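Look at the two complexes coming up: chain A is in both, with chain B in one and chain C in the other.
== the complex of A and B ==
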């Protein structure tokens, strides 16, 4: 392997890592706050991509990228809140809420995916890149779109991180995640914060959809793969800290890029899932830090 | 305590037989290929869903790789029967065995995981299998799958011919065998261990249930049936396609399981019929079909978590309630002469807050005695007392709500000991009796104790038979009674003919000309009365009854049969009584659970003596 190839593969891995980080962070926000696993996260990503396409693309709305991103964020926030109220809220106090919400979010994902199919049709679409053209660093050529994407993802993650860390609402969300009863006694509006966390997670998924749609083709069922990847990343890294899934996302992205180069495209998913199973057996709380669960 | 009669003696036997007979004649009525095809799909989906329930519903272990194991069976069939040319009849069970091996591989990492992690690992595993399948296109056909798999043949006859009749009966056969096996497994030691681990993991482990071994066995067993179903499906549609790994198929099977009712054997089977036919009916609507299935799952989970099987149970309860209520109304007029002849007194019906109550009162200005009958009996159980004691005492007996010719009650409010005591108070008030002696038998004994402890009616004397006074409920049940199937039957809602004979035979007397009326009466009893009697144990103030007995302010007698098969006599003797007639519980020699019925002369003599002392005659 030449140094150029190495850099090329590395760049590919970083792009994947950035995408996975965005997907997994959304999933982790719901997991840490509500203690459930949202299987509609992939469908959220799809929906975000289609909303952005509807608003921003020439043949549809042509209102520009910013408007597309805004539509994806706003639309997905509302969708997330609705999903929370309809699919998770009714089971909140049941002992088997984890299983029930897996099933209902899975059903919700089916509904959303097929609704997208009904509205936009099964034909694949694509978002135009945010910026056209390529750039070359150290002899490696990559599209400016991907570089911009990595930068934007890091900015978004930093913003979400800052929101959770410093803003009153973000701190309240983390408080609810740590101890629901205590937070309730402190006068925090837990139902609203839960719905907010779900909405925030969905909004991040919408942004992820925007980026996915600009580098891959969009189909109504495009969410399955990002969902599996996000799941993988979250398990891989654990959710001890806000940053745990982000590190893990880059690890997974790099592993995927190098494994595709060395082992081949077909075996890469097997390698990733095999690794995940090993991590789950050896360190179920994830590679990065410890997260106390109440089962 | 363990009570499991063989299937042919249980209440489900006749309905299951009828359903099976209908399925056997089905292809003769519907001779077209399409309706048989639908039924074959129903059988296959039912096997997959019901076997999944073994781990998901009964075990609470969410194995999301179950559907992938179905696909494993399908691909095994494809590879063995097509690529390697093995006999298709051997390739189908081989699919089951390979699926079992995969299940064991899945089981190893999740043996000690819990909750969401089991879901995640099993999803990852099914994705792993899926990725391997589509990456090995030279073996599995990759994303396009394997086509033109060999069909099933028997003696040169291809099962595809004659509108798939061969496939229909093969599918039915596999379905029946797998259901029978699952039924056996659920009731076996393994099934009990699986349920115990779900309900109280640490208690089960403390009792020696190995979590890892049980999980492994349950997963392997459920995988076998999924694999066989997959193998058969491969032989039937003659395609092994990776679609079977998809979320769509998973959602379909999951909806069958949930709509039918998780944690039951029959629920997923009912669900398979409904969902398969429904999803085929709306198959032409494309995405709307998936949306409908998703919406059904959510609506069922939010509004009716028990699923269709719970609906079937409610329907059955409604039918049974209507039956017993009509029977009571009909008998109120129909057998009245015979009942009045037995008690030698007129039967009257009054309206109480707990429904219509039939009672008999021999009248006269003599010391009054109130008789309270036991579970699933009636006031005529005291016919020998009415015959022998009527000259000296005023005898009153009534049918409890839901029993005899009294009306059915509202289960939440009317089928518990305090409610029965209120009914007794109302009957006494109607008769104008102020301070009676009360005799209670079995369940009636608790009513008598409660009636006396409530002190709304001043009880002059209290006698019980076949009743164990209880301090701590339900803990003392185990101490006070000999744990036998009788205790289970006492709280069982529906009786099969065998169970009815066994229960009435041991509670009163084996079937004979003289006891036939008691056996007949059992069928009239509202089954909910038995269930609620146990589920509402908590509304009774048991310590108050014991305090009353310890204080000994009321003359008290225990007149048990010496051969009562249910009582723990030494527990009863060991209790502390403030005052008890003859100083200790008095045993009627040779008496059974209903000594006043089995040994009326001995009982009447003893009772007369107690009466004399209690009333100071």
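== the complex of A and C ==
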């Protein structure tokens, strides 16, 4: 393996890592606030990509990339709130809400995927890159699109992190996550904060969909694999801090890139899940600490 | 205005489905007076207060705060089957958010607060209940003067605080919420005598500031110094009402509740 190949694989791994970080962070926002896993997160990614495509790249709408991103964020926020009200809220006071919401969100994901299939058809589509052309660093050529994507992902993650850390609403979301009853007694509007966290998570998924759609093909089932990887990242890295799934995402992305090169494409998922099992045996709370949110 | 009591409970019953904990509680708290609740452990004092602040739904009866009804009137909807999800069909009969925002603040028993938030962040959440009621200014300064220990701990996470400090933080949060009526459920539970005195002094200061209290405690002598009326609570009912003038000592109360055996 030459140094150039190494850098090439490394760049690929970083791109994957950035994507996974965005997906996993969205998933972690719901997991740490509501205490449930949202299996519709993958379908949210798909829906975001299709919404952006509809607004920015078709005959009917070619309002440009920015409008596409805005449509994905706004549309997915609303979708997230609706999903929460219809699929999670009715079971909120049940003791087995975690299990119930696995099934209901899975059902929601299937319905949303099929709806996308009905509306836009199964033919694969692609979002044009945000910026055309390639750039060369140290003899490695990557598309400018991917570099811009990594930068944007980091900016988005920093913004979400700052929102949770410093804004009053973010602080309230963290408080509700840790002690719902104390938050209620202090006059916080818990149902609204739950719906907001779900909407925020879905909006992040919508942006992730926009990026996935610009480097892979879009199909109605394009969200399945990212959901798998996001789950892997969240369990693998833990959610002790806002940053833990982000680190874990880059680890998973790099492992995936190198494993694809050395072990082969078909065995890469096995490598990743095998690695996750080993990590969980040694460190059950995840690589970066406990299943409890601090920031 | 003066004829409308601050808080009035009419025939209030409640509990944790399907177990009834307290029944037919009638209680009137006049403006500007503080009330004590005294009774053995496990007889429903905390459940009653949790119902008043809306954490759990009342089964029947009314909760009136400054003349405004806090719960939806009427009997609770009965669950006729264990197999149906009644949460979907029955609306909550109370909303703790509205209770807190009306100014009825409940500092829960053994409140664990938010483990991973810092003291500063926790105090930052507290004024939310006071907003929108046009309460004057920020009371955080005042609360910190009352509990100087907390200002040394501003950047620590709540889970690193001692039990006493956490209790102080709970009471401080209650104070910052600008209560019209402050419920303190066993604020001195499990504290050392020294911390107990410190907290008792702070509660005295809160009362001296004109905040009416409902306070639950096992120490009658501590209650005596704070309240005008004492309600005895026994087996889910109010079994007696004593004015401050003829408030007995700890031993006498024990006799009243348990008979001669325990004296």
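In this text, the second predicted complex is superposed on the first by the 288 of 295 C-alpha atoms of A that agree within 3 Å, B and C clash if a C-alpha of one lies under 4 Å from a C-alpha of the other, contacts with A are read in each partner's own complex, and residues count from 1 in each chain.
Keep this in mind: a contact is a pair of C-beta atoms (placed from the backbone, for glycine too) under 8 Å apart; a residue touches a chain by one contact, two chains touch by 3 or more.
Computed from a predicted structure; not experimentally measured.
K.L.:
Using the overlay on chain A, decide if chain B and chain C clash or can fit next to each other.
P.N.:
Chain B and chain C fit side by side in the superposed model.
K.L.:
Under the stated touch criterion, which partner chain does A:99 make contact with: chain B (first), chain C (second), both, or neither?
P.N.:
First partner only, chain B.
K.L.:
In the superposed arrangement, does A:90 touch chain B (first), chain C (second), both or neither?
P.N.:
Both: A:90 reaches chain B and chain C.
K.L.:
Please work out whether A:284 is in contact with chain B alone, chain C alone, both, or neither, and reply first, second, both or neither.
P.N.:
The first partner, chain B, only.
K.L.:
Considering only touches as defined above, state whether A:171 meets chain B (first), chain C (second), both or neither.
P.N.:
In the superposed model, A:171 contacts chain C only, not chain B.
K.L.:
Once the two complexes are aligned on chain A, which partner has more residues of chain A within touching range, chain B or chain C?
P.N.:
Answer, by number of touched residues of chain A: B.
K.L.:
Could you look at A:163 and tell me whether it touches chain B, chain C, both or neither (first, second, both, neither)?
P.N.:
Touch partners of A:163: none, neither chain B nor chain C.
K.L.:
Using the superposition on chain A described above, determine whether A:115 touches chain B (first), chain C (second), both, or neither.
P.N.:
Only chain B is touched by A:115; chain C is not.
K.L.:
With both structures superposed on the shared chain, find the angle between the C-alpha centres of chain B and chain C as seen from the C-alpha centre of chain A, to the nearest 10 degrees.
P.N.:
60
K.L.:
Smallest separation in Å between any Cα of chain B and any Cα of chain C in the superposed model?
P.N.:
5
K.L.:
List the residues of chain A that touch chain B in one complex and chain C in the other.
P.N.:
Touching chain B and chain C on chain A: residues 90-91, 293, 295.
K.L.:
Contact residues on chain C for chain A in the complex?
P.N.:
Interface residues on the chain C side: 53-55, 85, 87-88, 96-97, 100-101, 105-108, 111-117, 121-122, 124-126, 128-129, 157, 173, 177.
K.L.:
Quick check on the complex: what are the chain B residues that touch chain A?
P.N.:
60, 62, 109, 113-117, 119-121, 123-125, 127-128, 131-132, 134-135, 247-248, 250-251, 254-255, 258, 286-288, 290-291, 293-295, 297-298, 301-302
K.L.:
Which residues, counting only chain A, touch chain C once they are in their complex?
P.N.:
Chain A residues touching chain C: 90-94, 168, 171-172, 174-175, 178-179, 181-190, 292-295.
K.L.:
Which residues of chain A touch chain B in the complex?
P.N.:
36-37, 86-87, 90-91, 96, 98-100, 102-104, 106-111, 113-115, 117-118, 224, 228, 231-232, 235, 266-267, 269-270, 273-274, 276-277, 280-281, 284, 293, 295
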